[in-house]
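Each structure below appears as structure tokens.
Common to both upcoming complexes is chain A, partnered first by chain B, then by chain C.
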Partner chain A sequence: MEFERKSEGDIELVLLKGDMDSHTSPKARDFFAGVLKEENKKLVVDLADVKYISSAGLATLIEVFQKMHRYGGFLKLCGMNDTTRGIFEIAKLDSIFAIYETRDEAVRSFSS
Partner chain B sequence: MSILEVKDVQKVFDNRKVLDGVNLTVEKGETMVIMGGSGCGKSTLLKIMIGQLKPGSGEVFIDGEEIVHLNDSEMDRVRLKFGMLYQGGALLNSLTLAQNVALPLTEHTHLDKKIIDIMVKMKLAQVGLAGFEKKMPSELSGGMKKRAALARAIALDPSIVFYDEPGAGLDPIVAAVIDRLIMDLSKKLGMTSVVVTHEMKSAFRIADKMAVLFKGRVIACGAPDEIKNSANPYVQQFIGGSLEAASVSAKDSTEEYIKSLVEGN
Partner chain C sequence: MEVNIGQNQVLLQIKSDDKYLRLVRTMVEEISSLAGFASHDIADIVLAVDEACANIIKHAYNGDSTKDIFIKLSLLNNGIEVVLKDYGRKVHPEKMKGRELDEIRPGGLGIYFMKKIMDSVQYVIRDDADGTELIMVKHVKNGGSKAKKN
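Then we have the complex of A and B:
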């Protein structure tokens, strides 16, 4: 699993690449721990290059959401394929996360 | 490539051929329902498909890997690819629901406890048991136990889930809830389901494909409509639940009984 990090103003962008399963999600967890150390208030995670996300991957994103929520930050997700969206739906997570089609939409939502 | 393939599987118990050359193919994401009356061999077939029992001859492929000749440790690795919902649920009564669901995760992954706790909540929510983490199995109804057992069966995100009589012992409404869960897992997560049942209503509700087992052989296999329109008289008797179907089995078992007395088996 690969991670790419960018900034657009005060918005932090994270691009995930590869499968996010029980083997790779601990690595993602460590990566996000580093990102959240700075207590960024606005974070967009782009899942366009994630083909498969397991329950362990979802739990990792929920933990990011929980940590940000605790310090008053906002996590937005974008770029999900249909399978990933189905996984979010069946886990009833589509009501917890702010989910956008594209990265631009997710970024713009912070200014609206 | 098929996710599950059974090739010419035979099994004999005490000189009685329980499975007599069973062939079955299940595609990825498909819900295959295996039906048949009592003693037709469907439970034996299920045990062979999950590696609990070795066939006398034949092959079983799970995700392209032949499992009949695997040793126990190799089979444990393959078992991570599938979940199993047992008829009675098989929850550990001394553990809470959360501990039951967490069991495969702590056994087979190196995930942090915090992540496992979140996953357990998600799995229980998926089966409609959000907030039941601290309950003991003894505090639950039959349907709830079965849902909790399903949460445990899918804890490791298996590609295939095997179900042994998922509606057994449940009232029709609760059984329909379990059917809905099976369908959701299949349609939304792309999980493959292999369901052994004799309950017609449930079978026709959930199946993409059905196989009817009779005297250890698959006598019909196809989409629900094909099974409904099958020309095979036993299939028609079985799905119609007619007395004649029962009498066929009764006659056979009487013949076997007489034969066993005569031959002293």
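Then we have the complex of A and C:
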């Protein structure tokens, strides 16, 4: 799993690449722990290059969501493919997370 | 687990190391396609089997990556049967209920996925045998890909 981090103004962007399963999720959890240490209030996670996500990957994103919620931050997800989106829907997480089609939409949503 | 496999069966043996889960997913995807499932069902079956393997590694083998997992996939007349055999700690099915989705928290979704996706999920634990056998079946619904097995 690969991670890329960018900033757009006060918005932190994280681009994930690879499968988010029980093998790769510990690495993702460590990565996000580093990101959240700064207590960024606005975070966009782009899943366009995530081809697969299991419950371990979902657990990682739920942890990010909950940690940010505790310090008053907002997490937005974008770029999901049909498979990933379907898994969010089975877990009924599509109504919990703020999900956008594109990264631009997710970024713009912070200013609307 | 029996070693012999039939004409419409595939058997994969892996160590209980989650680095092999991607390999398992690839195999399940291919066999599910052969069984004639539509693409969204294939993705679901892949998820169910992946979660089952991850549970075996985590709960039956407590993360010990040196143990064995056998995965047998059988093409049925209208679907697929997946049998997973481990030789780890026997986990009583009553303790494998999973959780409801009434609270947002990480963890515990694996069993929920398996039961939600597959038509049947059965844990077989025998007093005279080691480990646990998990049998999952899913049938092709109307609108499958119409692929046929030879």
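A few comments on the model shown:
Basically, the second predicted complex is superposed on the first by the 112 of 112 C-alpha atoms of A that agree within 3 Å, B and C clash if a C-alpha of one lies under 4 Å from a C-alpha of the other, contacts with A are read in each partner's own complex, and residues count from 1 in each chain.
Please note the rule applied: a residue touches a chain if its C-beta (ideal position, glycine included) is under 8 Å from a C-beta of that chain, and two chains touch if they have at least 3 such contacts.
Just so we're clear, the structure is a prediction, and the values are computed from it rather than from any experiment.
After superposition on chain A, the partners chain B and chain C are seen to clash.
In the superposed pair of complexes, A:Ser22 makes contact with chain B and with chain C alike.
Of the two partner chains placed by the overlay, chain B and chain C both lie in contact with A:Thr60.
After overlaying the two complexes on the shared chain, residue contacts for A:Glu89 are found with chain B alone; chain C is out of touch. Judged by the touch definition given at the top, the superposed model places A:Glu105 against neither chain B nor chain C. Residues 21-22, 54-56, 58-60, 62-63, 83, 86-87, 90-93 of chain A lie at the contact with chain B in one complex and at the contact with chain C in the other.
For chain B in complex with chain A, the touching residues are 109-112, 114-116, 118-119, 122-123, 125-126, 130, 155-157, 184-185, 187-190.
Considering their complex, residues 21-22, 25-26, 29, 54-56, 58-60, 62-63, 83, 86-87, 89-93 of chain A touch chain B.
Of all the residues in chain C, the ones that touch chain A in their complex are 18-19, 21-22, 25, 40, 43-44, 46-47, 50-51, 54, 57-58, 101, 104-110, 112-113, 116-117.
For chain A in complex with chain C, the touching residues are 19, 21-23, 52, 54-56, 58-60, 62-63, 65-66, 82-83, 86-87, 90-93, 96.
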